[in-house]
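What follows is subunit A paired twice: with subunit B in the first complex and subunit C in the second.
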Partner chain A sequence: MKLELGIIKISDIQFAAESKVEGSTLYVNKDEVKALILEDETFASCELDIARPGESVRIAPVKDVIEPRVKVSGEGGVFPGWMAKVKTVGSGRTNVLKGAAVVTTGKIVGFQEGIIDMCGEGAQYTPFSQLNNLVLCLEPVEGTLQHAYEKAVRLAGLKTATYLGKLAKDIEAEEIRTYETPSITEGIKLYPDLPRVGYVLMLQSQGLLHDTYVYGVDAKQSLTTMIYPTETMDGAIISGNCVSACDKNTTYHHLNNPVIEDLYARHGKDLNFVGVIITNENVYLADKERSSDWSAKLCEYLGLDGAIISQEGFGNPDTDLIMNCKKIEAKGVKTVIITDEYAGQDGASQSLADADIAANACVTGGNANTVIHLPKMDKVIGHIEYVDKIAGGWSGSLQEDGSIIAELQVITGATNEMGFNKFSAR
Partner chain B sequence: MIILTNNPDVMKTMTERDVRFVDGTYRDVLIKARDLVHQGHQLLSHPLMGSLKPNETPYRTVALSDSGGPLDTDSLLLIENAIETFDKFAKVTRPDRGVNTPQEMLADFRLIDLSLIQSMEVNE
Partner chain C sequence: MVKEIERAGIPVVHMCTVVPISLTVGANRIVPTVAIPHPLGNPALSKEEEHDLRKKLVGRALKALETPVDGQTVFEE
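Right after this comes the complex of A and B.
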């Protein structure tokens, strides 16, 4: 399967009378987007705002970040199962508005965290401070239940990203990036001497506000399965996860998975990137056993020499991570795990809630308990008043001058377990 | 299946199940679960389910097998690790767990806890 990504660089977003992409500016007709979102009667109101790199702006609580993309050629459409039919994606050409994102915010539950600062210390910890963000502030009609609100916000984000993506459908991109995965047998013939490496992508799937969807299917109801890496670039996997800001995989992460990017960069050179195995992180131990058995079985079936395993979240998923690692290693397949740490504010405590001797090659996304100081911003988009109630905050976190002292875990994407961040350790 | 909980919403909602209310803290639920593990019950749900940190939500629900058998060492390791993790969080961060928390937020914590323990029903 072969996919070309047409990279259309966006360096600014402006509100305007007509939505269009001109040069590197994305112009957005505010009223049109609002009308589109308010078609959903779940919402009482929808406010749009723009947050650009370097501005004194704080966005919170961030639910999801989504990159606008559009299918130019090839089967299916971006975000299959949601914004397009379930037809298999991942081939042909897709245009990407690189440098732009849709950020959704809404107080679905009171303790929801997720801060993006566009400047200052906090901006260094989140990749999303480097993007031009169209922010949707979505308020539900009174009496809306959390389940319904979450779904509506999720869909509003996808809808808006799809609307923006379509503006770039007929643009001839100057930069084309090509990704190709041969069939298993072709791969063996092409690279008989290279180690066969797979990627086990663990998807958060515990329940309300902890979900991920694949082609519209709730991942908790799926068996471990396989996916072409390019399918993820067309939005086959989307996030429905609202908690654990620092180590959740937003839809943006799934579209731009750095493990997939790096494995492709080395594919055919020093390794043969065979494919992606997607598995879930359920609450029940029997589900964990079944899913990790299947991960290991598929690694064996594909004749892998090595596997990279990435996690999403903390605590319960640590057990899935270690089960996957142990069982895959037991099949004779070398593993590297990617996780993050909750090692205490001094970094001295045990980092994971589970461990095993087989997990002897580990990449960390950083210590989520690290204490940071976020200066006051001139403008806040969303709600910040509960910062002392969220996981990375405590009483007095929100200072009188508007600055925040909290743990790194409040920042969206700060310790991402796909490695889409700058933190690590040696 | 035995369901141990300190979440009144689980008690009220999952009436078809053998729900045993623990009048105490998140940690008390873990300790009670460990007692049952020592009596031979197996853990069925992960004691640290959810991405809410142990020093964040005051509610906890754990599912265990009905009948006791020989000690299940996997369950014992898991529950001991969970207690250790709980204590680590209680020590190093935000000791005011559940205190001064607005009622509305407590209701959200109860809802998440209930929803996660109910997630088994989709695959049952």
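Right after this comes the complex of A and C.
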């Protein structure tokens, strides 16, 4: 399967009378987007705002971040199962509005959404401070249940990203990036001497608004399965997560998975990137056993020499991670795990809830309990009062002067376990 | 907590869903429970069935507490 990404660089978003992409500016007709979103009767109101890199702006509570993309050629449409019919994606060409994103906010769960600061210390911890963000503030009609609100916000984000993506359908991109995965047999013939490496992508699926969807399917209801890496670039996997902000995979992460990106960069050079195994993180022990059994079985079946395993979230998913690691290693397949740590504010506590001797190669996204100080911002988009309740915050986190003292956990994407973050010991 | 209470000489039964974590942290008597969001209940059951389930689980925990163990033991059904 072969996919070309047409990169259209966006360096600014402006509200305008006509929605269009001109040069590197994305113009947005506010009323058109609003009308589109308010088609959903779940919403009482929808406000649009723009947050640009370097501006003194704080966005909270952030639910999802989505990159606008559009299919130019090839089967299906972006976000299959949601914004397009269910049809296998990942081939042909897709245009990407690189540098732009849709950010959704709403007080859905409140304590399980995050913060994006566009400047200052906080901006250094989130990759989304570098994007031109079209922010949607979505309020539900009174009496809307949380799960209905979550779904509506999720769809509003996808809808808006799809609307923006379509503006770039006919643009000839200056930069084209090509990604190709051959069939298993072709891969063996092409690279007989290269180590066969797979990627085990763990998806948050604990339920109760901790959900990820694959082609519209709730991941907790699926067995571990396989996906072409390019399918993820067309939005085959989307986030429905209201969970600790620092290590949840937003839809933006799934579209731009750095593990996939890096494995492709080395594909055919010093390794053979065989494919992606997607597995879940459910709340029943039997599910955890079954799903990790299947991960290991698929690694064996594919004849992998090595596998990279990335986790999403923390706590009991640490067990899914360790089960995957242990069982895959037991099949004779070397593993590297990517996780993050909850080692206490002083960094002295045990980092993961579970451990095993097989997990002897580990990459960390950082200690989510690290205490950070965020300066006051001139403008807040969303609802700032949730900072005292947000995971990683505490009563008093929001200071009288508008600054924040809290754990790194509060920042969207700060300790991302795909490695899509900026935290480094270097 | 399990280990600290046992260190004080009081035997402990750890009722939990993720048995592997309980094994990793070093609990000696482990009773597996239903699911992480509802360890001692099951919203899919009727009130009566759920009552039975809870009674059974607590009964199993009390039995585990009375049972001498040589090392880490999981008390399955």
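As a convention for this text, the second predicted complex is superposed on the first by the 422 of 426 C-alpha atoms of A that agree within 3 Å, B and C clash if a C-alpha of one lies under 4 Å from a C-alpha of the other, contacts with A are read in each partner's own complex, and residues count from 1 in each chain.
Going forward, contacts are C-beta pairs under 8 Å (C-beta built on N, C-alpha and C of every residue); 3 or more make two chains touch, one makes a residue touch a chain.
Everything quoted here is computed from the prediction, not taken from an experiment.
With subunit A as the common reference, the superposed partners subunit B and subunit C clash. Of the two partner chains, subunit B and subunit C are each touched by A:285.
Applying the stated contact rule after C-alpha superposition, one finds that A:313 touches subunit B and leaves subunit C untouched.
Shared-chain residue A:323: touches subunit C; no touch with subunit B. More residues of subunit A are touched by B (comparison of subunit B with subunit C).
In the superposition on chain A, A:209 makes contact with subunit B only, not with subunit C. By the touch criterion defined above, A:54 lies against neither subunit B nor subunit C after alignment on the C-alpha atoms of chain A. Look at A:332: by the touch rule set out above, it reaches neither subunit B nor subunit C.
In the superposition on chain A, contact of A:407 is made with subunit B only, not with subunit C. Once the two complexes are overlaid on the shared chain, A:347 sits clear of subunit B and of subunit C alike. Taken together, the two structures place residues 206-208, 283-285, 288, 316, 318-319, 353-354 of subunit A in contact with subunit B in one case and with subunit C in the other. Of all residues in subunit A, only 109-111, 146-147, 204, 206-210, 218, 220-221, 241, 243-244, 248, 282-288, 313-316, 318-319, 342, 344-346, 349-350, 353-354, 369, 386, 389-391, 393-395, 407 touch subunit B in the complex they form. Against subunit A, in their complex, subunit C makes its touches with residues 17-21, 24, 32, 34-37.
Chain contact summary for the complex, subunit A toward subunit C: residues 206-208, 283-285, 288, 316, 318-319, 322-323, 353-356.
The part of subunit B that touches subunit A in the complex is made up of residues 43-46, 48-57, 63, 78, 81-82, 84-85, 88-89, 91-94, 96, 100-102, 104-105, 108-109, 111-112, 115-120, 122-123.
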